[in-house]
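I have placed the structure first, in the form of structure tokens, so that the comments after it can refer back to it.
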Amino acid sequence: MIEIRFHGRGGQGMVTASQVLATAAIMEGKYAQAFPEFGPERRGAPVKAYLRIDDKPIYKREPVVEPDVVVVGDQSLFVSENPLEGLKQNGILVVNGAYKAPVKTYYVDATSLALKVLGKAIVNTAMIGAVVKATGVVRLETALAALGKYFSGKIYELNAQLVKIAFDQTKEL
Amino acid sequence: MTAAAALQKAKTTLALTSNYAVAYAVKAADVDVVAVYPITPQTTIVEKIAEFVDDGELNADLIHVESEHSAMSAVVGAAAAGARVFTATSSQGLELMHEVLHIASGLRLPIVMAVPARALSAPISIHGDYSDVMNTRDTGWITYIASSAQEVYDTVIQAYKVAETALLPVMVSYDGFLMSHTTEPVELNDEEEVRRFLPRKDRPNVLRPEKPITMGAFAMPDWYYEIKYQVQEALMGSLKVVEEVDAEYGKIFGRSYGIVQTYRMEDADYAIIAYGGAAFGNAREAADIAREKGIKAGAIRLRVWRPFPTSHLLKQLAGVKAFAVVDRAIAFGSSGGGPVFLDVAAALWMNGIDIPGLSVIHGIGQRSMYVEDFVKIYEMLKSGERNKVIYMGLRL
Amino acid sequence: MSLPRVHEIPIGGIITEPGSSRKNLTGGWRSLKPIIHDDRCIRCRICWTYCPEGTIKEIKGEFVVKGRKYQYKYEIDYNYCKGCGICAHECPTKAIEMVPEA
Amino acid sequence: MKVVYKSIWDLPAEELFASGHRACAGCGPAIAMRWITKTAGPNTIVVNATGCMEVTTTQYPETAWMVPYLHVAFENAAAAAAGIDSAIRVMSKKGLWSSGKTNVVVIAGDGGTYDIGLQSLSGMLERGHHVLYILYDNEAYMNTGIQRSGGTPRFAWTTTTPVGKAIRGKIQAKKDIMGIVMAHRVPYAATATISNIVDMANKIKTALEYTAEGPTFLHILAPCPPGWRFPEERTVEAARLAVETGYFPLYEYDHGKIRLNPPTSNMVADPKRRKPLREFLKFQGRFAHLTDAEIEELEKEVVANLEYLAKLASL
């Protein structure tokens, strides 16, 4: 089982990112479980989302406390909380922008890519590309197909383009 | 292509939350009237059904009622007119419906309702626990508690058959947020096949000008008791219906669940009895860990809460040295522990069985429940903790 | 009288026989009884209209009263008349008289 | 108003509200029930709110109703009727309803309408269900023993507005329920009384016909001898005097236009044709304590209300 924890801010779409990846895994015939940590907070408030993917049915339903992968959509979250808490020994960080952390790190400039492609700083789709590149947890084509379950038309086209660009540009720090 | 192969081909697996799974089941069941009022965490059910209706995929009338009381009242009216109906709510909404819940069972109307369970005010909480569902205990509703989005989908479809056979309302509940908003794989049935599974049947208690009946009469002491006893008898008898419908569903669609679900109970010394996705899912993970530590641990899930599955449960408890019930609700001021614990204790006592137990209250207002907590419960049982109430995860 | 047992009663507390309240004879509630003096009745239909019990029956036929021909006459169903006296009070010709119940 | 019945001789003969019900002798609402069922006819589903008419007509195992009848609870008759309306429409589309065009009629008292049922009534009206909602107004909670409701008039005695040394009867005025209903811009709403049967029956017919467009509403004044404390033979007279003194004006709201009906329209045209309010009040025990000054105050309110309605009718 691979366990991923997403950290972002309300409005950045990190919950959707976790759902798209779960959907992609399910489309590949795997089992997945994606759920957000909920609160009445709205735009801008820190949010977490959890994702588990396995070849076997998943029964446990607890927050992901020892993730294999931590995804951070906004570096400012390192100031207010500790996204790396509980990260497994050989776990990895996937982060928006080059952030120096004492763990194996992959990064992509999601904000500037999103601004360029979408015209707004919604980073979730770029982070999907980054996670796929960094972890290989699902195939890029499946991630794009799963994205199609959440967006359609022009918005889908732009976001799919963004996923692909982010996938290409994600690098190990 | 054989029929079975065609059916297999028609099956699709989607990534759905339990709430969306409900909406897909309602669509498959060809429901006529849906009356709903939005409340967290139920809202996405309503949104999805509204999409189906507005896209013409579900030929139903969606009544945007002005309260949950009216939601339940409208489906009572529609069911009384003979329609297949659906509603959904959570928490305060279920409390507001409470009066009409009794009327729905008293009139013997086959209403199906989904309840992503949520804590009750005050203080207000939007998060999950089972306080709302447990408060409906004595309303005469058949009550399921499902543990996965797949089971939610299958159970809503089964619920229509159960309701229309037993002539009782059915509630399908599951963890608010921990399931209602969790994306999981759900295999969908062929809708034509679902409709064959749920044929339209005539009922005696419908409002038809050709055969005018009076529903909701005023009963004096000479009559009231017998009519209410009928509900009790029907509810007790409905366990058999639940079992038969589940078996038939399994034969056709390949998935069934039983009345109680067990995990490693064959030789278990210590059992955790739980309900819902998070509590049972974590209990079964914990049983594996406990067994690695040399504790013969097992887990039991109540899939059906009302009618209480006494004999199914007692069969599983035979040979167990001690058990714990994990309740995600507080029975305020009770004689001993959480609401389900009280029923388990009564079931044991009524059958002259003396097995010691722990009442564990956990996950209140969605306080995080960890697998580790359930391992601790097994350890407590092994170390001889008995006959007390444990408020787990509480800063006491 | 022995009342039906649990399984002899329709489910849901439904009443399957429309208008079965007729089994309940409310005539016994009466202390005053309306008497129609047919010779004073002008067949205006007012008593029939206002009776809360629907106990005033409009009987069709050929009726000759004091040389006048009528196609109706009114009779009271004393099985149900509660003796409220609305009919007598509303009667424009005072053709209905309330008399003590014998 | 569509004039279906020109005179008393056109009224339907078939009874669909059976004798043997347990309403009080001289019950005003029972007269209304007879005419609602007779006028609506057998292809009608009645939804009744908890109240006098429910407990006195459905005492198990007997029913006075000869049409399909549903009672759910006190505050939700409009919601239950909404469900029936939806059910009929969808089932008709699916070929599951074989009774053709069926009337859905709510019957509720003043408590179930002005007070506890107002929310579900408003919701049903707003959503545009094809339902006729009939309020039979006897101006208090008579079923529970004459407690004041939002429909109880000012100064009236009830068991919860007793005539005390400090406070004498109800302090507040009767709620303008028609105003509330009209604010929902329904196709049709009207007032009627059990004294003017032809007028009432025509309004029931009209209201039912307009349910094809959306919800309609009738406010029927139905006096209660024990609750108003008058001799039971005077029920119809009480209703008639309520109209003739201007206490209860007869009018219709038809697609945004208000029209006064006779005799209300006559007394607006010629104030001399209005009887003094005292004639309505004087034989009712609930008003027995009123001083001349209080009667005068009430009379001013009656006149003001008639002027207000006349103004609306002129728009």
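Labels for the chains are A, B, C and D, by order of writing; each one numbers its residues from 1.
To be clear about the criterion, contacts are C-beta pairs under 8 Å (C-beta built on N, C-alpha and C of every residue); 3 or more make two chains touch, one makes a residue touch a chain.
Since the structure is predicted, the reported quantities are computational estimates derived from the model, not experimental observations.
Note on chain placement: the centre of subunit A and the centre of subunit C lie 80 Å apart, centres being C-alpha means. As a whole-number value, the distance joining the C-alpha centres of subunit A and subunit D reads 62 Å. Centre-to-centre separation between subunit B and subunit C, using Cα means, comes to 54 Å.
Centroid to centroid, with C-alpha atoms defining each point, subunit B and subunit D lie 43 Å apart. Across the assembly, subunit D contributes 58-61, 63, 65-67 as residues in contact with two or more other chains. Multi-chain contact residues of subunit C (touching two or more other chains): 9, 13, 15, 18. The touch graph of the protein chains shown belongs to none of the named shapes. The set of touching chain pairs reads A-B, B-C, B-D, C-D, using the touch definition from the header.
Touching subunit A in their complex are the following residues of subunit B: 13-15, 41, 126-127, 175, 177-179, 181-185, 277-278, 280-282, 284-285, 368-371.
The residues of subunit B lying in touch with subunit D in their complex are 32-33, 35, 59-61, 63-67, 69-71, 73-83, 85, 99-100, 103, 200, 207-220, 223, 227. The residues of subunit A lying in touch with subunit B in their complex are 18-19, 22-23, 26-27, 31-36, 38-40, 58-63, 65, 146, 149. Of all the residues in subunit C, the ones that touch subunit D in their complex are 9, 13, 15, 17-26, 29-30, 44-46, 49-55, 58, 77, 79-80, 82-86, 88-90, 98. Taken together, the subunit B residues at the contact with subunit C in this complex read 106-109, 167, 204-205, 211-217, 219, 222-223, 226-227, 229-230, 233-234.
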